[in-house]
Amino acid sequence: MKKRIISILLAAVIGVSMLTACGSETKETISGAEGSSEAGAENSADEKVLRIAFPDTLTTVDVANVTSATMLKEVAGVCETLVHADEDFTLQPNLATEWKMTGDNTWEFKLREDVLFHDGTRMDAEAVKWSIEWELENNSAFAGSTYIESVEALDDFTVQFTTSQKTTDLPAALSYVGTVIVSPSSVNSDGEFVTAVGTGYYKQAVFDEMSGTFECVVFEDYWQPVETNVTRRVVRSITDASARSLAVQNGEIDIASDVPFSDLETLANSENVQVSKFNTARTYFYEYNLKKDTFQDERVRQALIYAINKEEIVSDVLLGVGGVPKGMLMDDMPWANLEVDTYDYDPDQALSLLEEAGYTDSDNDGYLDKDGEKLTLKLITFTKRPGCQLIVQATQGYYANIGIDTSVEVLEWSAMNELIQNGDFDMALNSAASAYIPTPAYYMDTYYKNNDIGYVNEELNSLLDDCKATTDMEEKYEYSKKAQALAQEDAAIFTPALYGAVFALSKDVDNFQYNAAAHDFIVPYETSLK
Amino acid sequence: MIRYIVKRMVTVFVVLWMVATLTYFTVHVTPGDTATAILYSVGGESAVNSENLERIQSKYDLDRPIYEQYFEWVINAFKGELGTSYKYNKPVFYMLKLRVPNTIRLGLAAVALSVVISIPFGIASALHHNRFLDHVGRIFTLLISSFPSFWVAIVLIIVCALKLKLLPVGGMQGPQSIILPAVTLSMGMTAATTRMMRSSMLDVMSQDYIWAARAKGMKWNKIITRHMLKNALPPIITVIGLQIGHILGGAVIIENIFSWPGVGGLLIDAVNAKDTPMIEGCVLLIAFGYAIINLIVDIIYACLDPKVKYTGEDT
Amino acid sequence: MVNRKNYILYIGLILSALIVLVTVFAPFLEPYDPTKMELSQKFIAPCREFIFGTDHLGRDIFSRVIEGSRVSLSVAVTVVFFSAVLGVVLGMISGYVGGTVDMLIMRGVDVLLAFPTIIFALALSTMLGTGQTNLIIAITCIQWTRYARIARGETLILKNAEYVEAARSIGNNTVQVLRKYIFPNVVSKIIILASLDIGTIILYCASLSFLGLGAQPPSPDWGVMISEGKDYMQYAPWLTLFPGLAIAISALAFNMLGDGLRDLLDPRMKEMVRTD
């Protein structure tokens, strides 16, 4: 009797589980400004849906979360910033019309008066103040990246920012995704951020927290005229690169960023996918551990750069996705100094420099040594950017060619950071967005001046300070270029390759432009479907 | 019976507490490192600079000794507050609550699939003992349990989703999204359960009362359903329970490959981002789930087979 | 005598022996240096010159797969060996001595069995860091419990047997009793578990290496090869195909061996042995 009950129970459990497995998925919507769309149901002739794959997990629409802010501003087009950086890194007024520095630590920004939020209210200084304060409070990275200390509304459309230190780069900082402007109505009565009520051409329709899917529809009262036939955008989280690519090939997604490099070849002749590569403002860069004796000698540092074939790395290892640096930064940056020494591939020069520094193969074992000790280098890098591991392995190969023994460790980023701080490495391959804050001093300030590797060059530091102090653009460029030249001479940190990205677009996508100044990638409003 | 359950529950809690402690000190990082991990999760490498680091250290009070932080965490855990995820900046408990149903769904689908295939297959194997079908069965189960699940997953994605355009590539967009992950996940369990079913049936088949029934003239069908199944099934329960642990572990990788929004994917993302609160939360949850499932399995088994002692002895 | 009953054992034995031979003679079997980068010959499809083709850095995949067997097998054998030793010793002590010692050890076993190996290894790796040694430590820390359980179970049954009583009465102390009388009877089950385990460990290691814990480049670990080749799946499927097959065949060989051994030594032994 008992056994029968148990077996019935079992059968029931199995039956139920099969039902749940086959049952339809219900979407839990967080906010329903517009109705949700059942996939395919509304894709009739009057709805043009642009489906975009986002490479990170989406868990919230809170603008204080940088991943979310990036998606909202650049991919969905729901939120905007006061200032906008265009393709040649010049700053354009966006939600702000003009700005001036009014004191050592104060700036005044004038706002557009014709901008409406998605809830119908007008964007004014109070709203800007609210947004910035919300972000300052909830985004841990905000203060250190923008130096904003407080914000006041001087009148309806004038805002005053007070910075924690004197900075001429506040306008650039206000193009950073973390500074998007939203309406206070984004937050509900419990103080939770539920809807991104922004100013963009698209407004939030649905956010499905569980699957990380975000949908937005056209906002009729957008403050600029826009030409596109897209009526709805759907943003899906797909963290795996090949999965993103497959999704486009499968017809599930229209735009996917950072797909595998080899797709350039595989999909070159595809009927329903267009694949293109772009150079980004992001760099790969190597840092030497200057706390070690090995790298005190400038000849060693230079030799190790001569030993690497940067051209081959870009063309064969990265499969053409990226750029060979002519300096420290990407060519198109207005402040890039392209006349510096990049120590281009010359293994003979590398060997002779190393010999001068005392490294020869004295015991004929195929490896270089000095004072009886074999030259062994520990190369470390991190997992997040697939190109890093490839470059490091290629570096291993090049060093093996000239007789240098190497070991490799690939770790998660903060673990790598810990090793760097402990000095437990020889060379570290890192990656950075050189235009995270699009100013001529930002990149070197962050990685060359404030570093953990023991690199100090007083002249470089004062050039950077001068660069940050002046408000004249031409002067800024000059200081920056001089600083770059100095840094390249020191060869303590160098750029083996410029980061490239491959995009896979379905054949229906039109008017997609890539903007290198973006944090990740921007899908412009004008992108449409054929 | 009740005493048995209570005793087991106490054990479960003790074990969980030890698991939590082990995990906590395992993933513990130095204050500077925690701050770095948080900032990196928040804004990428660009967010990690000295000013931000200082702010974070004071905001989360990271300079306190590890023991203090640990006790605070334990007390909160009992209250159900598992801290806030560095990466998502949301309560860990909330994220887990969101994702757990998906993992359960996937797990149940895998178990259901496995059971549906393995039980008939195992019975058939036993009935055709040492004949062709049996050998096919043995080779089949050996093969399935030898292929690495993540490799099969990759191959299946290419073949089914791409070449044949039958199924979606990943995510959770409808009933068809669960098929590939469930199939891949069920592989190991199907193999083990089939073998167990076969061996259990063989044991039962050799019992005297079966032959007695046959001698009395009962038809095979009736013998199978009336006598054999009832006695062959109990050991299966235990195997299923044990295999669910395997499924929980396998789900971690499968969810990652198929972008299935479950707890497993959450754990891997957390490990990659060094999101310590989330790692602790996930591990605790999985351990808890596994313990509860084992408890249920043991109870069911005890119900079915009163010869099992209630002292909690392992066989 | 190879009859229809134990063909699995023989196939398993032959395959396993082959794999061990490959591992031992690897340097002679590899046509090329498995770690030498040669960008000019990258992504070559399988052909006469390169039987399994070349990978994204121009390395010969056949050589890498062979070299990888050394990595996989050495890790698996190391883990199984240490797990077995630790597990058997602790299990026998636990079963024989009983009492508080038994309870403590079993609680420890419960804690470690409280979650699947992969989860534990993942968590442990954030503390220990990547690398093969740490992987071995992480997996061993959990695996010994499987052996401990079996050893303890057998010890419990055996310790009340007559001959054990007799041995005690003639003056053997605990260690001697365990060593001379109990251990030999535990061994057969342990051997079966060990050979089955090798296949399981190979799979665990592959999974963990696939996730990035474990062997570091340029090590030709099979899991790492699959992880690296995954992004080129459509372009050059041979990067993932052959390592995957290698894993499958190795695991299959040892699974067959263990399966066959079980049929041979103890056909009535419950499937419970395979408690992984």
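So that you can tell them apart, the chains are marked A, B and C in the order they are listed, and the count of residues begins at 1 in each.
One rule holds in what follows: a residue touches a chain if its C-beta (ideal position, glycine included) is under 8 Å from a C-beta of that chain, and two chains touch if they have at least 3 such contacts.
Treat the numbers as computed from the prediction; the structure is a model and nothing was measured.
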Contact-richer chain pair (by C-beta pairs counted) among B-C and A-C: B-C
Per Cα centroids, the chain farthest from chain A: C
Centre-of-Cα separation between chain B and chain A, whole angstrom: 35
Chain B and chain C, separation of their C-alpha mean positions in angstrom: 21
Chain centre separation (chain A, chain C; CA means) in Å: 41
Touching two or more other chains - residues of chain B: 158, 162, 256, 271, 274
Interface hub residues of chain A, defined as touching at least two other chains: 383, 415
Touching two or more other chains - residues of chain C: 230, 233-234
Interfacial residue positions of chain A with respect to chain B in the complex: 2-3, 6-7, 10, 14, 17-18, 20-25, 39, 57, 59-60, 62, 64-66, 138-141, 143-145, 178, 209-212, 236-240, 243, 246-247, 249-252, 383-384, 412-415, 417-418, 421, 430-433, 436, 446, 450
Chain B to chain C touching residues, read off their complex: 11, 14-16, 18-19, 22-23, 26-28, 130, 135, 138, 142-143, 145-151, 154-155, 158, 162, 192, 195-196, 199, 203, 235, 238-239, 242, 245-246, 248-250, 252-253, 256, 267-268, 271, 274, 279, 282-283, 286-287, 290-291, 314-315
Touch list for chain C against partner chain B, complex: 4-5, 8, 106-107, 110-111, 114-119, 122-127, 149, 152-153, 199, 203, 206-207, 210-211, 223, 226, 230, 233-234, 237, 240, 244, 247-249, 251-252, 255-256, 259, 268, 270-272, 274-276
Complex contact set, residues of chain A against chain C: 241-242, 245, 260-263, 265-266, 312, 316-317, 383, 386, 389-390, 392-394, 396-397, 400, 407-411, 415
Touching residues on chain C, where the partner in the complex is chain A: 36-37, 39-40, 42, 56-57, 129-131, 212, 216-218, 228, 230-236
